[in-house]
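Worksheet for the structure shown next.
Should a chain be cited, it is by its letter among A, B, C, D, E and F, assigned in written order, with residues numbered from 1 in that chain.
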């Protein structure tokens, strides 16, 4: 089906997994710098977001171009089922790159959410429509004449992590993890395994087992 | 009525407008630096706040003055119907400039809310009383011997934006916009117009119209 | 009983006090730098946390030690009834020092909560279990090979404040206050007194008394 | 002659003026935000730099383009007599935008110096050739695959100040001032006047006149 | 003589001491937070500066007062032999609080130098006159309408350290140390002792003695 | 000879190479994150420093240990001919990790210099003895009771770059580059080649060749 990028569907991954267990598996696989900076936070009530990275690269500008928004709109029109917008602003807080109309357009193309290394506006409306967005913060300012999308579908760095088109993005209340496309199948499957293994240890701890004894027995923390 | 500062009442503006549309109109009018820094955030459940700026200027000090709070109390006692306290601490995080007792006093004078370029305390009580406050964060520390109000009713810079007494302040979950008093009538009226125009585009996007086509047709984003 | 460290029990202090009134009393006693930096925030719904500081000192490392977690687990196994974990990471945002399994283990030992001068993971599960945690933010990354606990039960600096084992920690939505153990009895008792005294002034303000008149009459703000 | 942009030649301005007196005159003319951020510092032995702003806008990228450097080289080839390169990197410290070969090329086109809102490399060689450069710092890293020049000859913001092509740039050990082109003639002439007026006051102060008396007499500080 | 504040004259202290040995002695005396933040740096060629703190407290303002500079000039006119200006701007980088004319005026009153927790202008002229100044950086902008001195001769916090009038200030290339007035005699005398004791260890190390052996033998590092 | 770690001696590398050309070669070899953060700067007159990394890992502590300095002294006593101390403080600015006595001891063991991801004291004496040190800044404060060396000879992260014992460190006025030990031979040899190739292009540029033409002809920038 359309949301299958790997051995488990995105919906199934959202249900069974969480970012911490994925980060642990990526550590095991030798990928130790896959979590976006902690200043990129989810908007509104807790949610999970998983999908295929569709990258957008923006930068600050200081005059309104002849055709504002043109590359950004083109990018959004290229989104497809299962995509997650991963937009880099090169650290700009000059204005909001993302907003409600773009969320509406993205969702209508099948995008599952957005991760913005910058600011967002129309935050209440985005929460109301239930579109999952991670952002560094909020601004009422439009990007027109302040920021320009210069390319999309290219390798980019978002929140300190290199993201290539097709990498899998997984976000929840703890943050956002980027799973390199070449190991996404293996990582997702192993994460499902590990997630189910933690329950027994939790039970033992609740019954008063010392945490060192528990770690020695179950080998996880 | 007492809350009419411009062609539409503050209550009506709170109902019909939001900060993003006001920021767009201010852009159109050539005022492009009117949004406070995104680190100044609303406390508690989403709300809107609009009113006339009543400015307060505070700074860090390092000993308790003979008459602590004197200028701050004087300022609060000068608040009147429709005012919004806009307090600048020159970036201090040494202590909380604002709190519950000042909120109570300000409200009893008719103030509609407060925007604090610094820290706030008694945050739970402020939320319980439903007094709208924007702040950079929280601190349990009293300002006595740490901060002094040195003047009020003067031009000041709050969150990076010049605010003059009488400017209109509009805040919601996206942030705070300052509308210079000379253009506040025009800005508020034009914003009401623009706000109503966005609904049609939203509908078209939800029905799957490409976002570039929509932008070309409706001319907004 | 086990949660009595001072003249009033921790539960009673949680009920009657709040961080701002404690900070005021500490000011009166000459302890003016007892509030942690405002970037250390509570997780989830508002709560109060009070208990005896059990300090943990961690630092960034760059390879996985032979016996990962060993000192951290040892520390958690030494927690006892009424303790609050106060963990310093020396400002690290490299990974999450704290998480759900440690929260579960800490609670089973009688710990009342945790104050982490660093990042936390499993945040949703921690909120669900209702374990009070203050943190600088969130990360899905495990501390293994990124951070090591190097000692516990030692004087440490957390969020800019010196904390010694046995100091009393009080946290709520305004932040966290550290009460030096030698004055904790006196401070808690005086804070209870002051807290009850503020109600009258609040009533007067609501009835429209000028704030300067109220301050002159009641002597508090 | 080629270095005459205004009523006094650039060489003459370098000789007679300094940034502080120009900033004072711009204040008098109502231009109060014309000094670049103080983190942009001159390289090497003290010098003065004055010339016509030739703006370059760069941004971070994350893969090497097919034709690296192409817009940057094009920009440098368009420099002419009396120009000062004013390059904005949107705050990037990813690599060095400027270096010795570009300095050599710029000088051969007649450029008088460069102001880089980013990092520089080959710093020793640039000092040896005596080419005046202001920079935020140094890096050995090439910009190839890390930064791209996206346009030149456009309005840009450098070190927090809007710079338009043709504005006059004046830099010395105190920092860099941008003189809007429309007032550059007036500003330079008035600055020459003010500079000569300060000598008398300096003499009086050295002879022990109180500084308040001196200020009242000479009206300057 | 006029520069004797303590058992040794300021000139003699400048000759025999350095900031590191004073910091060590203050550590021994239990004063462990007496060094200004490392971002406050000396201007120009290496020098030492010692004298009695004369404190000035300034803050950002946003309009030009009726009588600009008035408190600042009054402060400078109150300087006397052996003073060091210690000026706090509450972290402002809005403009230069200090400059050449104030340096000239301060020196003519007998001041030995200045420590500015803010920016300075006329830096070249200050270096030429050989007036010792520590500063956070440089700006060509005048403080008029940007910063106001609000008091002097009061306790203040400069670079993170509480400074009271009459404390002794000692600065060199490693930074600035504040010696509380009550222990200044003892601290200066003990520092002279320690400084002379380090020579022997240095000789031993140069001759190849292991550093641990040397530390065990001489007890210093 | 003792300073030969690779195909060219350290002295020869210091003479023929500079950090920018090494960074370019490392880019070509696919190592693109090998330059320390630009806030780590050389002390005093320009120098070059090359040698084998000897890593030290320190962290902030908040009480004086029973045996202060013990691991640090042990580390310094283990230095040998050709080593460069590369010390990580995990970003601490609490005190100076490095100083003159340690420089003296390190040199007597054959160390060629030090790179400190933290602060340094005795800076004038270190400059006088001509020992090459890179540092984030200066502090008069001793590390005793403020910082502890917790290990040495381990992989560490210094200024954002992973450094393993035996990697080659090359520093000059542009910054510090870390050459992974496995490619150090190849990198140094290729860098010598590239360095000699740049002269021709420089000559062409000085003679007025357009910089784009030059780049197309020589393929370097």
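Heads up, the rule we're going with is that a contact is a pair of C-beta atoms (placed from the backbone, for glycine too) under 8 Å apart; a residue touches a chain by one contact, two chains touch by 3 or more.
Nothing here was measured: the structure is a model prediction, and the numbers come from that model.
Chemist: Over half of the contact pairs shared by residue number: find the pair among A-D, D-F or C-F that meets that against A-B.
Modeler: More than half of the contact pairs of A-B reappear in D-F.
Chemist: In angstrom, rounded to a whole number, how far apart do the mean CA points of chain C and chain D lie?
Modeler: Centres of chain C and chain D (C-alpha means) sit 49 Å apart.
Chemist: Where the centres are mean C-alpha positions, what is the separation of chain B from chain E, in Å?
Modeler: 41
Chemist: Among the chains present, which pairs are found to touch?
Modeler: In this structure, the chains touch in these pairs: A-B, A-C, A-D, B-C, B-E, C-F, D-E, D-F, E-F.
Chemist: Going by the contact rule at the top, pick out the chain D residues touching chain A in the complex.
Modeler: Listed in rising order, the residues are 57, 59-63, 90-92, 150, 154-157, 162.
Chemist: Using the touch definition up top, name the residues of chain E that touch chain D in the complex.
Modeler: The touching residues are 69-70, 73-74, 76-77, 93, 96, 99-102, 104-105, 108, 119, 121-124, 136-142, 144-145.
Chemist: Chain F touches which residues of chain E in the complex?
Modeler: It comes out as residues 18-20, 22-24, 27, 32, 35, 37-39, 41, 46, 172-175, 177, 198, 201-202, 205-208, 210-212, 214-215, 220-221.
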